[in-house]
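Chain lettering (A, B, C and D) follows the sequence in which the chains are written, and residue indices restart at 1 in each chain.
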Amino acid sequence: MINNNSLYLPEIARIVSVRQLTEMEKYFEISTEGKKEFSFNPGQFVQLSVFGIGEAPISISSSPFNKDTVGLCIRRMGDVTTAIHKLEIGASVGIRGPLGNGFPVRELKGKDILFIAGGLGLAPLRSMISYVLEKRKDFGRIIILYGTKSPGELLFRDDLETWRQIEDIELIITVNRPDKDWTGRTGVITRFIPSLELEPQNTYALVVGPPVMYKYALLELQEKLIPENNIIMSLERRMKCGVGKCGHCQINGVYVCLDGPEFRYHTLKFLSEAI
Amino acid sequence: MRVLIDKKDIGFFFESLKEENTVYGVKQKEPGFYVFDEAETFSDPLDKYTPTLLPPKKYLFPQKETLLKFSTTPSLKVKQLIEFKKQVIFGVRPCDIHGIKLLDKVFTTDHEDKNYTQKRANTIIIGIDCMKPCYKYAYCESVGCLDVEDGFDVLLTDMGDCFYALIGTAQGEAIIRKNARFINANKSDDEKIKCMKEERRGLFENKFATDISNLPLLFKNADNDPVWDELNDRCLGCGRCNIVCPTCYCFDVFDCVDLNMSSGERCRQWDACTLKDFAVVATGENFRSTRGQRLRHRFNRKFNYLMTKHNTSFCVGCGRCSRSCPVKIDVVETVNAVVNNRKTK
Amino acid sequence: MHDLDINIEHITRVEGHGNIVIDVKNGKVKELRLDIIESPRFFEAMVRGRTYKEAAHITSRICGICAVTHTTTSIKAIEVALGFMPSQQTIKLRKLLLNAEFIQSHILHIYFLTAPDFFGVQSIFGMVKDNKESIVRGMRLKALANDLCALVGGRHVHPITLNVGCFSKIPERKNLERLRERIEDSRGDIEDTVKFFKSLKTPEFERETEYISLTHPDEYALYDGNIKSSDNGEVNPSEYLKRVKEYIVTHSTAKHAKSRRDSYMVGSLARFNNNYERLHPKAKEVAKEMGLKHPCYNPYMNNVAQIVEISHCYEDSIRLIDELLSDNLKEETVGLVPKAASGVGTTEAPRGTLYHEHELDDNGKITYGNFIIPTAQNLANIENDLKAFVPEILSKQRDEIILDIEMLVRAYDPCISCATHLMKVDFVNE
Amino acid sequence: MSKIKAAFFSFTSCEGCQLTVLTLEEQLLELVELIDIVTFREAMSEKSDVYDLAIVEGSISRNSEITQVKKIRDTAKVVVALGACATIGGVNCLKNQYEMDAVKKIVYGSMADNFDTIPARPIEAVIKVDYKIHGCPIDKDEFVEVVKAILQERKPRIPEYSVCVECQMKENICLFEKGMVCLGPITRAGCKAICPTYNDGCVGCRGLIDDPNVSSHKKLLTDHGLTIDEAIAKYMLFGSYNKNA
C-alpha cells in the first residue's frame, strides 16, 4: 500500500534522557521506541511536537552513527521549548523528520574543516563534529571555533573537554563577557579567524550562530580567501511545516526547510533577505 | 469529447450532480458581489459574475482545517485527519481553474500534502469560460490565464441558447454521460467556439507593459525599486490581498486543547505574508519588518520566486487583490511601475 | 436583637458595587444606607460632541446587562428628535430583541443570582452538585435568549445591528425559522422553571409604594407607551421630568429619584402591578400558579414577576417571529437629515423604565444628553423597604438578618454600574 | 497539583465583559473544574483575599481604584486585563478630553467635592498586566483561550493581525466597497470581525495592531468622505487614552 500518512503526522517518541546543559539549554535524547532506526545527515533537523502546545524545528545534535536515539539540544525560548523543558524521562513527544538536507558530507571528505559555532550554533555542528571524529581519517585539519556570551552559556562542556584532549583538533573557545573565574580567551568569536593559517582552496567553513555573527564571520572568511562555495551557513527562520508548504521560512526564492537549512555563501549572496 | 447542453437543461445537470456530490455554485451576495456557496437550487449568475469574494480554493484548502487529533492521557495518542467528500464546484472561471492548477503544483511538488490532494481528488470542477473582461481589475490575458486547456473536468462556454461543454477528464465524460442531457457538438460548433475565443483577444485594457516572461528577471533586479518605498507608505499591512488570492497558500499551524486539557487538535489556518509577524523568529528578529519589504515579497512570489521555481506565473490575473485592497494598491500598476523603472535605468 | 451594626461591603451577585450600612440602637434604626460606591462614568461628557449615529454605541456601554435597552432607548430619543418614524419591520425586530434581553436578563437573575440564596449556597457553582439539572436548564434558556439576541442584534452585550432609522443587517429567514423552532422546543424548560421556583419560599413582607412603568393600550408595554404612576396617572414620555425627580445623596455615586412620594419602584413588579391586564394569558397563568396576585406589594415577589415576564416575552417572541416571517423580511436603508432638535426615548429595561434624552445641533452632533436609569430610581425605595423591614426581623439571628437584607436588595436586581452613569440633570437638593 | 485560584474584579466599566464570561454557560462548568473561582462578585457571594489569578475588568478612574488595583497586583501571580476598559481604557477615556474639575462640577454641582474622579486609564497604566483580553465586549472564546494558555503556561493565541483578515476569511463584502468606513485594517483581530459581519464599521474596540499605518488609513477615511475631524473622532471612540498619552 502506498503511504497514506499525512505530511504533518509526527511519530511518537519517548524521552530517554535529559541533561541540563546550562541555565537555558537542556539536552534530550529521544527514541522512536524501536519502531525504526533513525538515520539522518549531520545538519538535518526534526519538527518536535509537544501536543497541546505546538511544534518547533530543532536541529539534531547527536552523532549520526547512533541510530537508536536522537539528541536534541534545546534552548528555552518560547512555548514549545519551555514545555519540553518541563518534561521528564519517559514523557512522550512527537517528531517529524529528519528534515532539511544537512551538510554535504561527501563533498567535505578530505578537506580541512573550520567549524565556527556561536552560542546555540554548536547544536547542529556537534552532530557534524561527531561524524568527523568518527571518520577522522577521512578529513584534513579540524578547527573548532566556539564562542558564547558568557562562560555559563558554554554547551556540552564534557565534549569540549574531550575535544581538547584530542591532539589533532584545534579548539578555540572564547566568551564575550568573562566572569572572574574565566581563564580562557575572551572576545567575539570572529576575532580569532584572522590568526588562523588556512589553506583556502582546501578549507570548508561551517558556520552556525546567531544572525549577527554571519556578517562578521563572512568578512573574515573572505579576507582569508575561502571560496564562496566553501562557506556553509545554517539559517534559522520561522518555520511551521518544515516541508516547504507553509511559506514562513522562505528567503527570496528558497525555502530554509527544503533547500537548507545549510546554504553555501555563493547561494546566499544572491538572496537579499538572507543575512 | 465535446457536447452541447441546452440552456434549459443546465439546471437538470446541476441538480443531478447533487445526488452524489455536494455541489457548490455561485451566488450573488449583494449586487456586484458573488460567493461560492452550497447551492440549494441552480440560479444562474454564470454569465454575469465577477470573481467571487474568495476563490474556490476554500473547498480544497479551507480557511482553517484540522490536521491531527491527539489525546495525551492516559498515554499519548495521535491521529491524522484528512477530511474530504465528493464535491462539485460549478461555474469556475478560467483564472480560478489556473489558480487550482497552481495549488495542485505546490501541494504535490517536493512532498505531497494529502490534506489537499485528497480533497482535490474528490472534486469535480465544472468551469465556465470567459468571453469578455468580467471587471476592470482583471488582467488574466496578461498572465496567460484567459485560456485554459486543462485543470477542469468540464468547461462550459456560453453559445447563446446552449452551452458548449468541453470535457477535460474521463471523470468529466462520465458525469456528462450520467448526469446531463446533451447532444454531440459538431465541427461547426468547434469553429464557432474558436472564433469566439479569437474575438475576445485584446479586449482586456488592464494589462502589463511587458511580456510576463520578462518579469522574473525584472523583479530580481527590482529589490531597491522606489515603488516599494511608495507602497510601504500606503500599504496598511492588513493582509486582505493574501486572503483573497487564489494562489496564496501560506499557513500557520497551532495546537488547540479542549477544556479537559488533555485532548485537542492541531490545526492549520490561512496566513498572510503581508502581516507583520509572518517572518519573526523566536529570538525576535523580523526578516521582513517593513510593509514595503513584505509587499515586495508578495509580488516576488507571484512574478519571480514561484514563477521561477514552477516555470509559470503565480498570479492568475483575477484582480481580486487589486479590488480588495482598501488603499487600492493595484497589481498592474505596480508591475508596470517596476517595468518602467527598469526601462529608465 | 436590640443593637445591630451591619456593614455589608460589596453586595454580591448584583451588577456593580454597593454597600449596605445599618445601625440599630435599642431596636430603633438609627442609620440605614445603601452606599453606592461604583465609580462614576460621566457618559454625559462622553457623548458630547459625538455624532448622533454613535450615541447608541456609546450609551450601550452604560450597562452590559441591559445593553439592548440602552441602545434602543438612545435610538428612540434620536429618532424623536429627528422626527423619524421607523418601519413596522424595524419596530418588530426591536421588540423581539427587547424580549430576548428580558428573558436573558431575568433568567440570569433568577437562576444565577437569586437561586443560590434559596439553597443556602454562595453561588451557582455551589448548586452544581445537587441541582445540576436546573442549572443547566437555566444556562440553556439563557443561551437561547442569547442566541436570539445575537441573531437579531449581532450580539447581546453591545448589540451591533441596532442603528438609528433601521437595522444594519436583518436576520436571515432560515435562521429565524430555526430559532423559532428552538424556542418552541424549549417550552418544557419554561414550564420546569416555573415548577422549580414555585417551590422556593420568598420572605413575607409588604410595603405598598408608588409603582411607575410605561403603559400602552394595546400591549404589555416594554418598547413604547406613556409613563404611568400607580399614584398619579399617565404622562407623555416627553414630560418625563415631571415624573422623575433625581437628586444627589452623598453616600451614592448614583443619583436617587422620587416622584410623588419620597420613593417609588420600577421593574417587573411595577409593570406587573400597572399593566397586569395586558400580559399574555399564558403569563397570567404562570402568575396564578406561582401565587403572584395582582396587585402585589411584596418586593421579594419581583423575582416571581420576572418569571411571569419571561413567560410573556417568550410567547410574544413567537408571535413577533411569525409576523416577521409572514411579512417577508427585507433589508432597509433610510436617509436621515440631521437638524438641531432634542428628543426623549423611553423603554422598559428588565429592571425598570429607562429614559434617554438627546439634544443635537445642526450637524447632528450631540450637545446634551440625560439618562435616567432604573436602578437609580429604585435606590430610595430599596432604602425605604429596608427601613420598614429591618425592625420586623430584629428578632432573627444576625446571619439570617443579613441574608434577608441581601435578598431584598437582590430582589430588585440592581444594576449599579448602570445607575452610576451620572448625567447632568436638574436635580432637587435634598 | 492544586487548582489555580482565580478572582474576578471590576472597576469602572459596564460589567459586560464579566457578563460575557457568564455566557460561556456549560463551558463555565467545565472551567470551574480547572480553576477555583474564589471571587466573582457579580455571580457569587464567596470572597477570598487569596488568589493566584486576578481577572480585572474596567478602567481605573478614581484614586481609590489605584490603591485597590495595586493591592490586586501584589496578591496575584498573574493579572489579566479583561475587556477594552481594562486593556486600552475604552469609552471611559472619552471624558478625559475635559478637565476633571469641570466634569465633576457639571454633574454634581456644589457637591462636586464629595466625589473623586481622575482621568480614566487602562489598568496597565497603573500596574503590570500579564495577559490582555481585548474587546468591548470581550470574545468569550478568547477568554477561554487565555485561561487555557495560563494553565498551560504558554502565550495565548491572540491575533496580532488586522480585523480584515478575519473579515475576509468570512467572505464579507468590505464596507469600504459599500461606501462605508471601517477601522478594521488597523485594528487587532480576534472578534471574528463581528461588526463588519453585521454591516457596521469596526470601531476599534480591540486596539491597534502592532505598527499600524495610521496616516495611510486616515487618508483612506478622508478619501471616503470623512473630514479630518471626523476621522480623528473615529479613532478617539476607543483610542482616546492612546491619543492623550
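Basically, a contact is a pair of C-beta atoms (placed from the backbone, for glycine too) under 8 Å apart; a residue touches a chain by one contact, two chains touch by 3 or more.
Computed from a prediction, not measured in an experiment: that's the story for all the values here.
Asker: Quick check for you: compute each chain's CA centroid and the global CA centroid, then name the chain with the smallest gap between them.
Answerer: Minimum centroid-to-centroid distance belongs to D.
Asker: Where the centres are mean C-alpha positions, what is the separation of chain B from chain C, in Å?
Answerer: 51
Asker: Based only on mean CA positions, could you tell me how far chain B sits from chain D in angstrom?
Answerer: The separation of the two C-alpha centroids amounts to 37 Å.
Asker: Taking each chain's centre as the mean position of its Cα atoms, how many Å separate chain A from chain B?
Answerer: 39
Asker: So the centre of each chain is just the mean of its C-alpha atoms; given that, what is the distance between chain A and chain C in Å?
Answerer: About 66 Å separates the centre of chain A from that of chain C.
Asker: Considering chain C alone, which of its residues make contact with at least two other chains?
Answerer: Within chain C, no residue touches at least two other chains.
Asker: At least two partner chains per residue is the criterion; list those residues in chain D.
Answerer: Expected reply: 152.
Asker: Send over the residues of chain B in touch with two or more other chains.
Answerer: 254, 257, 261
Asker: Please list each pair of chains that are touching.
Answerer: The set of touching chain pairs is A-B, A-D, B-D, C-D.
Asker: Which residues of chain D touch chain B once you look at their complex with the stated criterion?
Answerer: Where chain D meets chain B, its residues are 27, 30-31, 33-34, 144, 148, 151-152, 157, 160-162, 164-165, 168-169, 171-174, 176-178, 184-186, 209-213, 215-217, 219-220.
Asker: Enumerate the contact residues on chain B facing chain A in the complex.
Answerer: Answer in residue numbers: 67-68, 70, 72, 75-76, 78, 80-82, 106-107, 109-115, 223, 249-255, 257, 261-262, 264, 266, 268, 271, 273, 278-283, 285, 287-288, 293, 297, 300-301, 304-305, 308-309.
Asker: Quick check: in the complex, which residue numbers of chain C touch chain D?
Answerer: For chain C paired with chain D, touching residues are 10, 12-17, 39-42, 44-46, 49-51, 54, 57-58, 61-65, 67, 108, 112-113, 116, 122-126, 128, 132, 135-136, 139-140, 142-143, 146, 154-158, 160-161, 163, 168-169, 248, 250, 253, 406, 417-418, 422-424, 427.
Asker: Sort out for me which residues of chain D touch chain C in the complex.
Answerer: Residues 10-20, 22-23, 25-26, 28-29, 32, 37, 40-47, 58, 61-62, 65, 90-92, 94-95, 97-98, 103, 106-109, 111, 114-115, 117, 136-137, 194-195, 197-200, 203, 230, 233, 237 of chain D touch chain C in their complex.
Asker: Within their complex, state which residues of chain D touch chain A.
Answerer: 152-155
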